[in-house]
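Labels run A, B, C, D, E, F and G following the written order; every chain starts at residue 1.
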Amino acid sequence: MKQYFKNTFDAIWTVLIGMKITLKHVFVPSVTIQYPDVKPPMPERARNRLYVNMDDCIGCDQCARACPVNCITIETVNATPDDSPGLTSQGKKKALWVTKFDIDIAKCCFCSLCVYPCPTECIEMTKVYEFSEFDRNDLIYNFATLNSDEIAEKQQKFDVFLAEKEAAKLAAAKAKAEKAKADAEAKAEKKENDKPESKPE
Amino acid sequence: MALKTEEMVLNMGPQHPSTHGVLRLELELEGELVKNVIPHIGYLHRCFEKHCEAMTYPQIVPYTDRMDYLASMSNNLGYAIAIERLMGIEVPERVEYIRVIMAELQRIASHLVALGTYGVDIGAFTPFLFLFAEREKILTIFEETSGARLLYNYIWVGGLAQDIHPDFVRKTKEFVEFFKPKIKELNDLLSYNKIFIERTANIGILPADVAINYGITGPNLRASGVKWDLRKDDPYSIYDRFDFDIPVGEGLVGTVGDSWDRYYLKVLEMEQSLRIIEQAIDQIPEGDVHEAVPKRIKPPKGTIYTRVENPKGELGYFIISDGSLNPFRVKVRGPSFVNMEVFGELCKGHFVADIIAILGSIDIVLGEVDR
Amino acid sequence: MGLYDIIFYLFAIITIASAVVVVNSKNIVHAAFSMLLTFFGVSGIYVLLGADFLAVVQIMVYVGGILILLLFGVMLTNKIVSVDIRSGSIQVIPAIIALGAFAAILFSIMTSTNWKSESFEIPTTTSVELGNLLMSQYVLIFELLAILLLVAMIGAASIARRDKE
Amino acid sequence: MGLLDQQFSDGNIVITKSEDLLNWARLSSIWQLSFGLACCAIEMMATSASHYDFDRFGVIPRPSPRQADVILISGTVTLKMATRIKRLYEQMPDPKYIISMGSCSNCGGPYWEHGYHVLKGIDRVIPVDVYVPGCPPRPEALLEGLLKLQEKIRNERLRKTA
Amino acid sequence: MEVGLNHFLTVSVALFSLGLYGVVTRKNAVMVLMGVELILNSANINFVAFSRFGNFGIDGQLYALFVIILAAAEAAIALAIVLNIYKTFVNVNIDEINNLKE
Amino acid sequence: MYDFLINIFGNQIVAYFVAAAIPLFLFILPYALFAVLAERKVSAHMQDRWGPMRVGYHGVLQTVADILKLIQKENIRATLTDKVLFNLAPYLVFVGSFAAFAAIPFSSWFIGSSIDIGLFYFIAISSFVVAGILMGGWASNNKYSLLGAMRSVSQIISYEIPTAIVILTMVMITGSLNLQTITEQQTAYFWNWNILGGATFGIGKFLLIPLMLGAFLIIYISTLAEVNRTPFDIPEAESELVSGFHTEYSGMKFAMFFLAEYANMLAVSFLIVVLFFGGYHSPFGYIGNSIGVEWLVPIEQFFWFASKGIFFVIVQMWLRWTLPRLRVDQLMTVCWKYLIPYSVAILLLVGLITLI
Amino acid sequence: MLTEFGKIFVFIILAGAFVGIAFFASMLIRPKRPSHEKNLIYECGENPEGSPWVKFNIRFYVVALIFLIFDVEIVLLFPWALTYKQFGLYGFATGAIFLIILFLGMAYEWRKGDLEWARPKVEKLDLKKLLNKKEESVTTKTEKV
């Protein structure tokens, strides 16, 4: 019987305490951030959309290798000596034309693992977080600065360069071969030993 | 009772407001009474263990974040410790202190979500929002240091991703002060509410011996009255330096090991975490957090099993290394998954409404159950 | 035809039409719900007869109580989804004939009798009048009803409960 | 046949005004199917919590799809779940919208490569209106996605677009 | 024709016959109960109508009130019995319940 | 008021329809719009948020947008539902809750219908809501709906008993079932209100005060349960039954349930106001009377009535955002083992006191 | 002149009409795009298993039953409450006896447990039983430090 009245009392009392607390909170200023009108400041280390400073990128592919989800695709073309991509801001010499630098932001897991290994600190996570899209393909970011013509040009240049090099090599080889031939005539027995040497390891 | 009531099979989930994610419960009902519960899992199977085999060691860290996504830091910590032990890395003092503070903050954050959603399950929506607002404070601290709000990828093998933010110490202290009265408010608003007690006391009683045999760990085990906490019983990191208690369930309003105990234990644990943080925050030594981070993580051949006390229980990593850059096998003992096991037994004979109360008190995260 | 008449016919039609549905509907739940309309119609008729208290009692007891009980009964005893719910009828034709004759006889008796019909003013506050009657003339019945209800409650509950084994 | 099922070949002022009104109503009262999948769901909860307050935009969670307008796919969609999501989406009454939140539902996210049990993007199952990137997207990012959706609704036309 | 006593009695007769028809023809015990309720209602209409047109004061209404109360008690008991029958026979079709023992 | 309208329209029937339309369109609907918004605002402010902010100034148009949107929503009726009953249920529920307003005296000038058994009618008409809920839940052919409807019905009918017993107590004090009469008895100042023992002075008045307080608590709690509000919102308990008996309803049909719910909340608050808090009477007398402007008085009365009613609605919301919900069996326990015995005890005591 | 009940009837008709008009307006606007899946019964996204129209907990029935009796009792008490004052103590006693008799019934039900919702004692989880069920035994020894 005592329990009966105690229950009644407890119920009413604890309800009143609860009501007091909620009432108190009516007068506590609200914590809401009025988002589109007031944008909260981002902490300085915020990890949001990736940005690549292509001026500095040397196309070393470190970031793509560090990425756990493989959402960075980098394709490069070697630069020809006459047509250098220039220097990075730290004064490093670039040796590659980056023809393709796609980050599929839709896949990215914002882990920032790609940021640390970059030798030139050109890939970074920015504070931009508002980048919703209506189309999924718009979320594939293309950072490469070269347009397709240029890419074709560079590719061609490199091909030409390669071809020239090849040709030069070939020529050199030929010259060598001729020289060797001349030598061979002298030392015909030694010929067999040359072959395994030239094989790549 | 009554009439051979036909059994009714009722689905709860996968889309259901209170299954804490995508769990599907198949309830066999007799009237309102639950005869049997069959949990169906696998709606969130994200192939974590398989993934690990294709990743290098540092690349796995972001994936551990995503297991128990409410306690990323603790997951990171367990993994980092495992690899460090495998490779024999000594981490600097500073790192250890920061790790402990982070892990304890994370424990509070995780418990806040657990308590808040439990309130929602029981029907009280307001505590949920209060607790989330407080959790937001922790997230701000985390975000300032690591840059992310939820999945931090902060604790690395051998060190940390970044040093703490200069404001970190001040903000953490502020938070500790701010948070203490909030616990009391929570108790007044929810824990001691008569209706809440009526709903949760004596519901889903889990006796100690059953809990032990089912391999239940964490708050659920302690609520049953077993004083078992890896931070004390198998100390890792530097937990042995701190002075804190391990609360156990006492059956304050019902029986030891009931849902209310499991709920209240989390409240008590938050207080203990605050104590640890208070002690640790003043002692952080100077140092470099990257000092011990190896350039290339390539552990020697061998296996290791390490366990840490996650907010939800004992999180174990079993790692087989074949000496290459990728682990041969990573097996995870997820506390949620193991704790989940006893759920079916607990539910028998309860009402539909109690199922929710029990499930919420066990506090599972589907990301970890299914992995 | 005055407003009174129109409303009377309206209620009469509601009552009888829904009663027809009740006895003929194949679906037992439909039958139960159309009883709601019947009760509503009858209650309207009470109002027209000046029995306002009774009309409200009719709604309260029949719609709020008996109907709900019936529905619970239906839901407890019938596999509604199976054919069972299409509760069948038996001996329809003979019943119609017999009852048609019966109704005709009743009707003819009713019309042929010369009822001493003098409409007198019903007091507007029937509830007070009823209370006075209950307190004075029918006080014994009043208490007896209490005992009846007691017995009914105990009886019904124990019958319904008899399944503990 | 309802008004919203029709396509008017040429718009007059009445139609324009009424479509503006209807669009306004739809975009101001987006009820969300309360439903979370994985880590993103926690951020979704944070968005409805006090700090970001979904309610400001008129978004309230409805437990039943019958009363919801938008389904927020918040997290990893596994193959097992995909069929259920499809059904839930189907069971919502028209007009209905989808926001795909987070990398996982955009395209499988971190699990796109080795996740043998993960659907590579919810758009393979149901038509997505707005993709919110992030892993998990910040609450603000989700709100921005919502604003994008509102913009999309505002531009819906009853008239046939020429 | 001015609506008078006879009109109400007609409704009552119709309701009574329908109720009786239900009682006689329906197989389901619950349906039979519904028929009974209809009959009781028709009786009540009679009581009230006579009380209105018959100059006996409002005793008629009181009787109707008693009938309603009895109807409630009857419904409670009867449904309890139906439930019991159902428990025993897993059936409430009265024509099939012929085995009174058991 | 009726005379006035008859004068304007020249025809009784039209006048009555207009009279009935006045509360519906001028009060109930705007109120419902306001109440839904208020619910969201109240909850928001209790939770340190803002609530609707972006639709109109501080979200004032939010509910308008909601309704306009619900009108546009497709109406889904699953193939397995029971067509007739499924469509009929919203009618029944809405009619049941709206008809309750007929007996409520909004001010001395406006009363829908001052029937002599108003209080009794008020209890009875809610049976329609009960039947409607059961109908909707059953016709949906959905487990959550049916379970929710069953729970809802047994809850509403159970709590009708303490409500009715408290009403009975009030009838014993006031000696009338007519809501207007009851209001008029509590005229003038607030110490004449029933919660403070009624208008007659004497020892009885002071003995009555604690009893009235108890009676008020009981009826407030049980009406809370009758309109399915927290902590008694088990039928709609989101965390168990998705959304109870209206799980399958979409679009406008759902809106009707929604409206009916809020209308019901107001109706029971009005009932409490009439019974305990002096109905439409001002607690301090009328400005209209003191400055001699006759027509101001009914307006003031309406103002007082509405604000008292809405105050209790807001308390209902306050409770909702504070409390967890009970379980089915506890719900029944509260009703049968606590409220009913208490209310009967109060009834007997009041009976004795009034005889003094 | 309509009676007071007539006015109520007007309210009822008006409310019905309002709902009807609202539905009609919605019908003019809303789209109608049914599909097979849409017309399935909702069950958290799963296939509905079995029908809900099965037999229900008898508790609901017992509650309704007790309610009915009390309802009727209250109906009888209303006239009494209106008039008992005229009869003084005698009048009060009639009602009080009536109430007390009924309360005997309620006390009986209370004792018999009819007012409880069907809740068989939840068995305490027993380790032995659980172990037997699972054949393989688990060692109960734990190291407590």
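Definition applied: a contact is a pair of C-beta atoms (placed from the backbone, for glycine too) under 8 Å apart; a residue touches a chain by one contact, two chains touch by 3 or more.
On a predicted model such as this, the values are computed, not experimentally measured, just so you know.
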item	value
Distance in touch steps, counted as few as possible, from subunit D out to subunit F	1
Chain whose Cα centroid lies at the greatest distance from that of subunit G	A
Furthest chain, CA centroid comparison against subunit F	A
Which of F-G and D-G has more C-beta pairs touching across its chains	F-G
Cα-centroid distance, subunit E relative to subunit G, in whole angstrom	25
Cα-centroid distance, subunit C relative to subunit F, in whole angstrom	29
Euclidean distance of C-alpha centroids - subunit A vs subunit G, Å	62
Residues of subunit C whose C-beta touches two or more other chains	3, 52-53, 57, 60-61, 64-66, 68-69, 72-73, 75-79, 127, 130, 134, 145, 149, 152-153, 156-157, 160, 163
In subunit A, residues with contacts to at least two other chains	7, 15, 18, 21-22, 25, 30-32, 34, 68, 109-110
Of all residues in subunit G, the ones touching two or more other chains	2, 5-6, 27, 29-33, 38, 40, 42-46, 48, 51-61, 64-69, 71-72, 75-76, 78, 81-82, 84, 106, 117, 119
Touching residues on subunit F, where the partner in the complex is subunit A	44-50, 53, 217, 318-319, 321-323, 338, 342
Subunit G partner contacts - residues on subunit F that touch it in the complex	12-13, 16-17, 19-21, 24, 70-81, 90-91, 94-95, 98-99, 101-103, 112-117, 120-121, 138, 140-147, 150, 153-154, 157-158, 160-161, 164-165, 168, 171-172, 175-177, 242, 247-248, 251-253, 255-256, 328-329, 332-333, 336-337, 340, 344, 347-348, 351-352, 354-355
Residues of subunit F that touch subunit D when the two form their complex	40, 44, 47-55, 59, 61-62, 64-69, 71-76, 238, 242-243, 246-251, 254
Residues on subunit D engaged by subunit B in the complex (per definition of touch)	33-39, 41-43, 45-46, 49-51, 61, 63, 65, 75-76, 78, 80-81, 84-85, 88, 110-111, 113-118, 135-136, 138
Subunit D-facing residues of subunit G, complex	27-33, 35, 37-38, 40, 42, 45-46
